[in-house]
Structure formats: structure tokens, C-alpha cells
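One structure, pasted below without further comment.
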Amino acid sequence: MSVHRGRHFLQIPGPTNVPDRVLRAMDTPVIDHRGPEFARLGQEVLEGLKAIFQTRSPVIVFPSSGTGAWEAALVNTLSPGDKVLMFETGHFATLWHRMAKGIGIEAELVPGDWRHGVDPAAVEARLADDRSHAIKAVAVVHNETSTGVASRIGEIRNAIDRANHPALFFVDTISSLASIDYRHDEWGVDVTVGGSQKGLMLPPGIAFNAVSEKALAAAKSARLPRSYWRWEDMLANNQSGFFPYTPATNLLYGLREAIHMLLEEGLPAVFARHARLAEATRRAVRAWGLEILCLEPREYSNSLTAVLLPDGHDADRLRRIILERYDMSLGTGLGKVQGKVFRIGHLGDFNELMLAGTLAGVEMGLRLAGVPHKSGIGAALAYLSEEATADARETRAMRA
Amino acid sequence: MSVHRGRHFLQIPGPTNVPDRVLRAMDTPVIDHRGPEFARLGQEVLEGLKAIFQTRSPVIVFPSSGTGAWEAALVNTLSPGDKVLMFETGHFATLWHRMAKGIGIEAELVPGDWRHGVDPAAVEARLADDRSHAIKAVAVVHNETSTGVASRIGEIRNAIDRANHPALFFVDTISSLASIDYRHDEWGVDVTVGGSQKGLMLPPGIAFNAVSEKALAAAKSARLPRSYWRWEDMLANNQSGFFPYTPATNLLYGLREAIHMLLEEGLPAVFARHARLAEATRRAVRAWGLEILCLEPREYSNSLTAVLLPDGHDADRLRRIILERYDMSLGTGLGKVQGKVFRIGHLGDFNELMLAGTLAGVEMGLRLAGVPHKSGIGAALAYLSEEATADARETRAMRA
Amino acid sequence: MSVHRGRHFLQIPGPTNVPDRVLRAMDTPVIDHRGPEFARLGQEVLEGLKAIFQTRSPVIVFPSSGTGAWEAALVNTLSPGDKVLMFETGHFATLWHRMAKGIGIEAELVPGDWRHGVDPAAVEARLADDRSHAIKAVAVVHNETSTGVASRIGEIRNAIDRANHPALFFVDTISSLASIDYRHDEWGVDVTVGGSQKGLMLPPGIAFNAVSEKALAAAKSARLPRSYWRWEDMLANNQSGFFPYTPATNLLYGLREAIHMLLEEGLPAVFARHARLAEATRRAVRAWGLEILCLEPREYSNSLTAVLLPDGHDADRLRRIILERYDMSLGTGLGKVQGKVFRIGHLGDFNELMLAGTLAGVEMGLRLAGVPHKSGIGAALAYLSEEATADARETRAMRA
Amino acid sequence: MSVHRGRHFLQIPGPTNVPDRVLRAMDTPVIDHRGPEFARLGQEVLEGLKAIFQTRSPVIVFPSSGTGAWEAALVNTLSPGDKVLMFETGHFATLWHRMAKGIGIEAELVPGDWRHGVDPAAVEARLADDRSHAIKAVAVVHNETSTGVASRIGEIRNAIDRANHPALFFVDTISSLASIDYRHDEWGVDVTVGGSQKGLMLPPGIAFNAVSEKALAAAKSARLPRSYWRWEDMLANNQSGFFPYTPATNLLYGLREAIHMLLEEGLPAVFARHARLAEATRRAVRAWGLEILCLEPREYSNSLTAVLLPDGHDADRLRRIILERYDMSLGTGLGKVQGKVFRIGHLGDFNELMLAGTLAGVEMGLRLAGVPHKSGIGAALAYLSEEATADARETRAMRA
């Protein structure tokens, strides 16, 4: 195979392109994790994370993948045999459910078609049925990385409230955090699960639990065995900026820089940028004549788009052609949509021209793979330049 | 406080000074963890780790601190209520014991004075007593990071064999791996626990389990709940260089470079270098008129030296003075030796002149702190230049 | 102004996007420039540069910009009052001419329209006229960075030969080296001037003279004062890999890596890649309905394209809009084409998807700036995917 | 030869150890050198350099080694045949003299013994003799890198004034800038020559001219040919933060960071640190029983110390042994002291413990090389801890 030159396009829905500022911040000598300089680092990132999760509650940082933070959410709050309500929104929701069952939780999985988010009405109905309050927690994936469908967390919160049900509310924001608006406090979430390698623009290696008062209370009586994931020691040590075991120092350096970058841009601007790039992507998909996996426009994900290929076309062959010819990685179809779907990640440290390169790569790949399509990049560019014009008009108006 | 210039001396017993080559290797864009380039990376590091652990068995890599790898060793092989024999060699052995108890294991802790390693005879006696083979595992810390005492793993293996006992054998090599000779296969260890941030010269963030056939067999019937730490999915995915959940890619880049560096130098040379620098340190300590915590010369650690201060002198005050005046971090006394002991890390990417700077910093600190002592650095330098002479003589002899 | 996220697109015709591998190579501690490790570095890069210039003659490396290497070519070979024949191909040829006059050379500038390269017939005619061989040197800019016109060096060589004229032949390859085929030896060039920051993919800071035997002979009698630029001391020191004064060590680290990358890809593949991306760019320009500054297709530059805007449209306003809205830098019109022309750099560490992003940025910018145009990116993508198809067909044919 | 591990000790008197912060700053994508972001960078570093040179006059930055800045000082201010008064303080003063002669200046070299600085009385006497004011400039090397002797620039200024002579005053501060107190304005220097790779803690590759009003006036009538080194275009472009030819952007990134670091520490603290480390070095040399090349205590250099070996001992053999055994580079004896002298660089990003490692390496090397000596490092450490005590006492007093 020929040698590739220029940048690789990493357009899987995470890990995402890590900005140079973050890589450079990580490229720094390790310091004593029990010394005063570390304490300042620890306190700064723990405080900064609260802004990212939109919470006043503590956020716990584990040296782990996001999978570990899933486990932490469960083992800190639940006891063997506890009932948890989960929803089959896609591959990751399914894996979380499998994990819960594997560690002794009685997890119910409400079936889904992988093309819709969690239905708030269904949540309300199921909880209303649960008169005995046997269900201890409702666990939802905010943005299904396998399908590009974003569930409406605020409305699900309202559904739980309408059912007047005391269940804990767990939300996985691994592929939505710092990309799609997410409000831990306002939406009354008890444990938010997050990871480093998506909207936070870091390499993988640390993961998060934002933890409400109610969750902390639940932890007191929860009886699932836990040690590494135990919140109590973490929170006690975090008070002074330290950790109960050796933290992943260099990833924390990167985290500090990433938080700076996000707050410098401002979360509303971060979300607007993701929304704009996502909409441009969807316009390109439609112009190509291909189908977006997500069927419900108000559930479109702004961090990735999963695209269905016509019958008889193998999405993984397309992905391989694009990787070989244009040095771009796209997301594979996971689980039951394997081979049928490819996923375009458009999150993290990403902008208009990178998206144009991405869409160009897909479009040229469709041609090489012989997938019938029309040109689509023009539709994306038209939208993006209209948005820029509107934006300019607004800026002028504001200044006037 | 004044601004420090020049390099910080990170002489805690880990995390250690990360070589520039490793930091630079990590300062590289993330790649698709499901793509072909990643598969090559994964296979290379998984294979290379075997050389470091001196094993043909698989080595599992977790995105976690070493604490997580402790937990993994236990939950993969044991069931609730299983008996494990542990030894109070110091702070970390005590923590591992506490973890075991916390997750439902009946862990027995043989008391110790924190100045000796595990006594092979005591192991033999205790196991010989255990006629019913109630003890399922013996767990030993190879090099106690809190005391600078290295237990004799080969001899303990022989003790187990002499007792003809089927217990699994677990060894924590977090602060010995790639610094002090360690042989997973030859010493019949079932689970070796390792970490990235000491002799491996990486930042913290990944940890290891080297796993024998016998341990894998035990995993089949072990009933402690596990998900994140589960070996089975790891091993299945590792076959092709992949991982069941998102790996800490950039730390794996660093790991690849670190393994290259270790094999380039050669493990015997790595061990000899650590032995030489450790002996020079001990000579300085003795010349200062201070006491080495470890009482048994054949148990001296080659990765760190814990030094006792005379009564009435606070080791943490000394450490603070040295940090403020000379920008060097030393290890604090942990647990019951807090304030009495300071620890000099002399492991990892380390050499004669860095050691001289380190010992100079301690010596000047002793002076500033008013701790009575004689000059000691001369004794270290004398030893190191004799070693260099001997080495040169040998090289000439070999060439002749 | 809003914060930009994602990569900046640096599409000026140099400095170009420095690959991470090169930046990382430079991010390495400095070494003793008189020690054995440096000698190996020096010899490696000096040897490697010969491959890049396609020569067996020595290549001299100055810590300087390309401007310094212009001066070096002149002061090493000429004496005050010497006649040199130069050609007004654009801004940089004009600057080189001004420099020559400024240091006491009688430099003749053959006028040009900035839309054509040097006419070999004109060279032949002018030299044939010079019966007395008063002209000591002919100096040509291979690729005019200000216009995107590449002169035909091989044909100019033939023209000199046909005129049977002994003049030295100087060629500036600052923006063609390692992007457009260039052959120092085959084309009988006496001094080739090169720089680091274009096709060589390095930051600016070092520049080159490749020097023929004939040029070295000329240096013996040349009487222009020179010290820093003096070849003799350089060549004497370079024999052993050293330099007469402190070299720019870290740029040499980068140079070593850049040479590795170029030879890894292979110069023919490097040139083919640049040709392909340049042709795609020109197709987009034509589809937009805009005019390419270069009028002669066989003189199209493969490293940049200068584009004329219609009357009444300010190219610098367009560039400013694109910089502000899409975070892309394009080249300004220099000298007499200022405001009329913008330049797209498509050289160095560059590929299809980066080009697509670049062309998208121009196209959206044209829209925002109100410059009349049709969509053009589709034409570029069509060409690029045809090329990929042809390429794939060829690969299959070769394997069969 | 065996593989070295741990940090190389780069203790030549420059290039010096580049701090990680500076290396990381340089490890950043290149930007458009004609764009607004560059203008901010340019203005910031040009302003910051004034603080470092202690001047309000402009400081010019060349992409070149320090040798280039020597040439720039001469060609901008002088005409062919002009007389310049120079002083043979060592190797570099000799080279500067040779350069001056080589480019057509009538340079007089006052002989010296390489063990003393310039004698202010001799300057006064020579200038007083020059009734016709034939001497156009006096050129002095502030700190002779080859000998470790620092001339007294302020006193030389006074001598010129006492002679009432209008000569320009040129000072080379390549190895003193940002290490030893130097005051361009207060000492009435007309051109100060500086480089990046010593006290400024950067890699080599850029060099400086700080230029007085009087020097600028002289430039108007100076007739030596010049183009690359020409101040006029530089100053005109620098007004807006730009440069007349492509600047060495990534070195400017590093320069910005280095200036931040120097001002953060404060120049007085920088000078005090260098003085302290230099005095400790000299105490070690004396304790070893070796001779410091510099004979005049008030001319001791605070950036390096040149040490004489006893007759019959080869300094380069010693250096080779130290490099091979202890991975430390020391400066060679240059010119007429070759083989007799080695030089210890103790400047730049340097501190007490790095110095201790350095002195330990020399001391162990002396032993291996069989050079008779007593132990010396103890004397250095005693001095350094006394200084720390005094410093602590002072701090307490100031707080009280």
C-alpha cells in the first residue's frame, strides 16, 4: 500500500482528534502526585469539570475507560438483585445492560429499534406501573454512539417526576458531553457517566461520574462489592486535590487544557458549532440520497451521524476503501447494524473545513465503492455559508 | 516563594522521570482503536510485555492505576469467602489486604515489622499447617514501595512447593518491574500485578496482570462479580491486537517506546544499573550516619531506599525544605512510618549524575534542616567510579 | 471575534503544514554540536539532502531564511561588477534581482508579465548575443511563489548549451524542491537555492545551496566579500558532519525526519501527489469561473495556484473573510498583483481531504464575499476519484 | 558501547539545556508569517527582547547563528577600510577579528594571554593615542566562551568616554546575555550581539543586534555591501511585528516562552542564580586542586568555568571518558588551549542539583582519567547550602 501524507482524518465518533494544545500539555514531565503542585492541578480540574457537567455536585475522575465509569455508577449505588430500568437504544445501551446483569443486578431492557431514542412516555408508563418502587434506577444513554440518536434527557426527567417515582436517574454522556447541551443539575440526574475521548478532546484513559446528593446517600446503603470504583475515598481525597491511588497525571494535564479551551469558547458556542456541523452533515447525506439511521429529527445526534447504505452495499467495504484511498477512519456499524451502517463523527476539535474534507472523503468513497448517490457536499457548503452569513448579520446587528 | 529553574528532580519511588522519547511518543494523534494500525500497535506491546515480565503467558493491560490491577488479580480468580494469605511488609501490602477484605475475601495478614520482607520459612510453615488447602492464594508484594524492602519471590515459590500446597501465587511488582530482576514463569507466579509509572518509565494510567494457565483455569470457577476487570473478553480481543473497551491509546504509544528502550539496553543491564545506583545510595546513607529502614541486606530494594531520621527530626519537614530550596520531590513516609522516614527513588530513567544531584540535594537538605550527619556523597561517587573502572577493565578483558 | 476550533488550514504557499513527526523530532533536547552524536546527525542529513536535490554534489545548509541562500549563491561565485542575467517572472525574481544590484552586481532583469515562466528561446538569444561572455551567470526562479508559474529548467539548460555559453546557472527552488521534479545534476545547475519551509515540510530557519564543481571553481576567484555565507569553511567542516559555526540543531533533527518521510514515500510519488492535487485545484478554479494567473499550461505550478479575481473584487478582502470565518490562511497577492490575486498553497504534507477542505473554504468565502462564481469543488472531487480509480486499476494490473 | 539511560548532561557553555516549556512552545504548527496572529507574536518578542538587553532601542532578530549577528554589526555600520579596535581575549574574539579582516575592515587586534579580560586602561590609552579618530569602532566580547573570562563592559565604556573618543562600541554578549548582568543602554553600547542558545535557553538558530541611535546613524553612511543583514528593512517591517523575509517562526514561539520565563524569575534573580552556581563551581575546582583559567577574580565568568589540567594530562581524553562513562558533554579547549583546558557550562536553565550532578561527573572523570585531585564537590555543596541558609535568613528578615 502507498504511504499516506498529510493529516489522517479521524472521523470515528471518538476517540476524536486531540488538539495540539492538549497533546502538548500532556507532553510534560510527571509530578509528585502527593505534592503541592499536584494539589493545585487536582483542584483546578475537579472544579472545572463541574462547569462542563453543568453541576455543583462533585465529579469523580477514574483512571479508566468509560466502561469503568458505567460500572462505578452501578456498584456505588446498588445492591445485588436491585432492579434497574434500561432501554435498548443501540449497541452501547445493550452493553451497559449486559454489564449490569453480569454483576448481579436485575436489569430490565425495554426493547428498541435502534432508530429512536428513549420514549419519555414509555418511561412514565413503566414507572407508574411500578407501584412498589421496586425499580431502583433508570439508566439512559444520552447519545447512542452506535446509532446517532440522542435521547431527550430533560423530558425523561419530567416523565420520572410525573410518575412520582423515587428511582435514581443514571445518564451515559460519553459521546455527548461537551458536544451536545447536557445539564446534570437542571435535569436532576443522579449519576452522569462521562469519558475523556470525545467532546472533551482528550485521548482515552480517564472517565467520570458526576454524583448527586441522592446518589451519595444511596451509596451509603449500596451493597455491591467495590474497591477501585468506590466514591467515598475519592471524594475524601479530592477535597484537597488528591486521589486515593495514583492518578493518570498526564491526562489530567490534558484535561486542564481541554477545560480551558471549552470555557474559552463557551459551552453555548461549543454546542452551536456541533449543531451547525451536524446539520451540514445531514444535508449532505440527504443530498447523496442516503438514509440517516435516526428517524426522529428532534433526536438527531449532533456528535455523529449514522448512515444506512442501500441493500447490497457493504458499509465496511466502503469504510475500507476510504481508509486506504483517503486516509480517513469512519465508524463501523456495531452489533446488529454491522455492514449496513457507517458512522461519521463530527465532534470535538472540529470545524467547517475539516467537515468539508470529511464529506468529500465519503463522497469520493461512495463513487469508488460504486454506491449509487448524487453529489452532496454542495448542500453542506451552501448551508454552512448561509449560517456564516446569518451569523455575520447578527454580529453586525448586535454591534449597531 | 522563588521561581525554580532547571529540571525538577522527581525522586519519589514513582511515578518516575518519564524519558523524552516516551513523552514524545505519547504526543501523537490518537488513532482508530478498531483499525489496522491499532492492531499492529496492540500486538506489538502485548508481545513486548511478555519479555518484560519474563513470561510466555499473556499479559493483560488495563486502563487503570496499579490499584485496579490488584483488584483484577483477586476478582478474576477468587470467590466470596475464599481464604488468601497476605503479609504485612508495609503500607501497600496493608492496602492490598484491606481491598481483599473489602470485596468479600477472607484475607489473613501475617504481621510484620515493615523492615523485613516476607519470610519464606513462614510461608512454608503456614501452608504446611493448611492441610485442607483452605488457602486459595498467597499474595506477596515483591518490592514494598513504602519501605524499600524486596521480598525473595523465588524462595517463596520454593517454600510453597516444599509445602506441596496448591495455592495460587500472586505477586505485586509495581515498583520492581523493569528495575529488579523478576521472572513470572521461572518463579511459577500465577498473577503478576504491574504498573506503568515506575521501572517502565511511563506516566501512570495503565496497569497489568500477567496470568498463568493455572490462574486462567481458576478464573473459570471464580465467582466474585467482575466486568471491567474480566480477563476473558480481554484475552479474546487481544488475540488480534484489540481491546474490549476503548484502550488508553497514547499510553500504549508510550509503552511501545518504553519497551523498545528497555530491550535496547537489555534487561540484565537495566537490573545492573539499578543495583549499582542503589548500592551507591546506601553507601551515601551510611556515610551520612543515617539508618536504612530495611534491615536485611539481601532484601535491599534496588528501586528505592527508605531512610530513617534520628528521633526528634521530622522527615516531612526535611522533604519540604528540599522541595522548596532544591526543587526535588522525595517520597514521604507512609502509614506508620510517617514523619520518621523519607524515601529516595532511584529507579527508571536514571543514571549516575542524576543520582549525584539527588544525593547532593538530600545532603544539603540535611544541613538546612539541622539533621546531624557527615558528608556522604563522596562515598557514593567513590563507589560509582570504582564500578566504572571495574567495568572498563572487564570490557578490555573481553575484547582481548 | 469568535474562538476557532479544529485545525487551522495553513494554505499559503509556504511555510507549509509541518507534519507531527517533524515537529516531534524537533521537540528533542539539543546536543553538543561538536560531539560524536552530532557528527552522525550532520552526515546523515548532508547525505540525505543530495537525494532530495538529485545531485552528487555537496549541499550546504545555512541557519538562515531562503533569502540568505540567495545571497550565498551570489557572493560565493561573483565579483563586484559581474554581469548576471535575471528574469522578471514575479515578485521573488524581482527581489533577487534587487539584492544582486544592492551588493554590487550588474544584474540585468529581462522584463516579464508575471504570467509566464522564463522563455528558453529568450535565454538562448540573449546569451548568443553575449559574444564576450560578459554574463557570468544566469539566475532563474524555478517556481515563482508569487505567481504559480514554473519555469522549465531543463529546457533553459539546453538553451544555455545551445548558445555555447560558459555562464554559471543559478536556480531558486525554494517553492519547488520536494514538490516538483527538480534535478540539480541532470540539468547542469551550478547553484541551487533551497529552503526548509515548503516541500521539505519543516518550519523556516534553514536554507540550502547545492553547489557544482564549476561553482566551487568560481568561488576560488570570486571577490565579493563574504564570511557567514562562505562555502569553503562549510565544506571543510561538513566532511566530518560538523559546521564552522553553531548549526540550528533542532531544525536538523526535523530535517532528518523530513528526509526520511520523503524517501519513504519516494520522490516520484511525492511529485505525482503534488501534480494530482494541483490539477484538482485548477479544475476547481475553472469550474468557479475564475482565471488562473499562469497562462501557459506546461508552466503550471504544482505547489501553488494563483487565482485572479474579477475586476472590482478585492482579493485581500476575500482572504480576510476566509481567515475570520473559516480559519484558513491563503497567500496574498504580492507586488504588482496585490489585491488582484490570491494564492492557494497545495504543497508539502498535504492530501486529498485537506485539499477538499481548502477548496470548500475558498468556495464558501467567494460566496460570503459576493464574488460571482459557480460551484467548483465537485469538479475537483470528480477528478480526484477518477485518479484513484485509475490508480487502483493500475495496481491491480501490476499485481496480475 | 553501552546504552545510556536517564538525562544527558549538556554542560558545554552553550547550546544549553532547553527547558521543556520552550521545546513544547516550539512544537506548535507554523502560522502565516504575514497574518495578524504572527504580528502579535512579532511585537511581543521584539518588545520583550528590550527588557532582556536592558534597552529602549530596537533589537533585531536574524534567522542565523551568532556569527551572523557579528557580521551584521560590522556591515551595517562600517565602510571598507574602516579601522576597528579589537582585543584578543580568546578564541571567539580572534574569530570575530578574522571575520572583520575578511570582509575588508582594517581590524587591529590587541594581543592578550587568554586569561584576562579587556583592560579598560589599555582601551583608554589606545583611543587617546588616536587623535585623528581613525578608529571607527571598539569591539569587545563581554564573556569569552573559550576562556571563561568576562570583560568589564561598564568600565570600558568609561574608558572610551575618558578618552573622549567618538568610536562606536560593539559588544558580543552571546554567552553572557540573560546570565550575567548586561546593560545595553546604561553602558552606552551601540551594537550588542546576542544569540539564542545560551542564557536565553533556546536552541540555536536566531541571533540578535540591539542597535543604538548612534549605530543607526552610522548605518546611513556605511558602505560595506549588505542585504540579508540590512537593518533598515528589518526595522521598517518590525514596526508592525513583521519581518522582511520569512522568520524562523517556531524559534520565535520558543523565544516568547523563554522571555516569559526570564521575566517571571526576574533578571536580578537570574543573575544571582548564575553567580551562585558559578561560585560553587569555582570552589569545587579549587578543592580539586586544579587551576581556573581566568586569573582575575573580578573577571570570573558566571556562565562557564574553564579549567586547566596539569601538564601531561589531556583535557580531551578526560572529556571523552566523561562522555562515555557518565553521558555528560563538557566544552573542549578551543584554539591555543586545546587539550589543556576543559570548560564547564553552568548557564541557562540550570540549578543546584544539576550542578551537583555536573561536578560529580567531572570528579569521577578525573579519577577515571588518573588526573591527581582531591575531592571537590563537598566544597561546592557547603557553599550552596550556606547560601540557601543566608537566603532563608534574609527572607525571614524581610517578612518580619
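Here the chain labels run A, B, C and D in written order, and each chain numbers its own residues starting at 1.
Everything below uses one rule, namely that contacts are C-beta pairs under 8 Å (C-beta built on N, C-alpha and C of every residue); 3 or more make two chains touch, one makes a residue touch a chain.
None of these values were measured; they are calculated from a predicted model.
Between subunit A and subunit C, the least number of touching-chain steps is 1.
Chain centres here are C-alpha means, and the one lying farthest from subunit D is A. A separation of 36 Å divides the Cα centre of subunit A from that of subunit B.
The mean-CA centres of subunit A and subunit D are about 54 angstrom from one another, to the nearest whole unit.
Computed centre separation for the pair subunit B/subunit D is 45 angstrom, with centres defined by C-alpha atoms.
The multi-chain contact residues of subunit D, meaning those touching 2 or more other chains, are 7, 17, 24, 27-29. Subunit A meets subunit C in the complex at residues 2-7, 9, 17, 19, 27, 261, 264-266, 269-270, 273, 325-328, 349-361, 363-364, 367-368, 375, 377-378, 381, 384-385, 388-389, 392.
Looking at the complex, you find that subunit C touches subunit B at residues 20, 24, 27-29. Across the complex, subunit B meets subunit A through its residues 7-8, 10, 12, 14-18, 23-24, 26-36, 62-68, 71, 99, 102-104, 195, 197, 203-206, 224-228, 244-251, 323, 329, 332.
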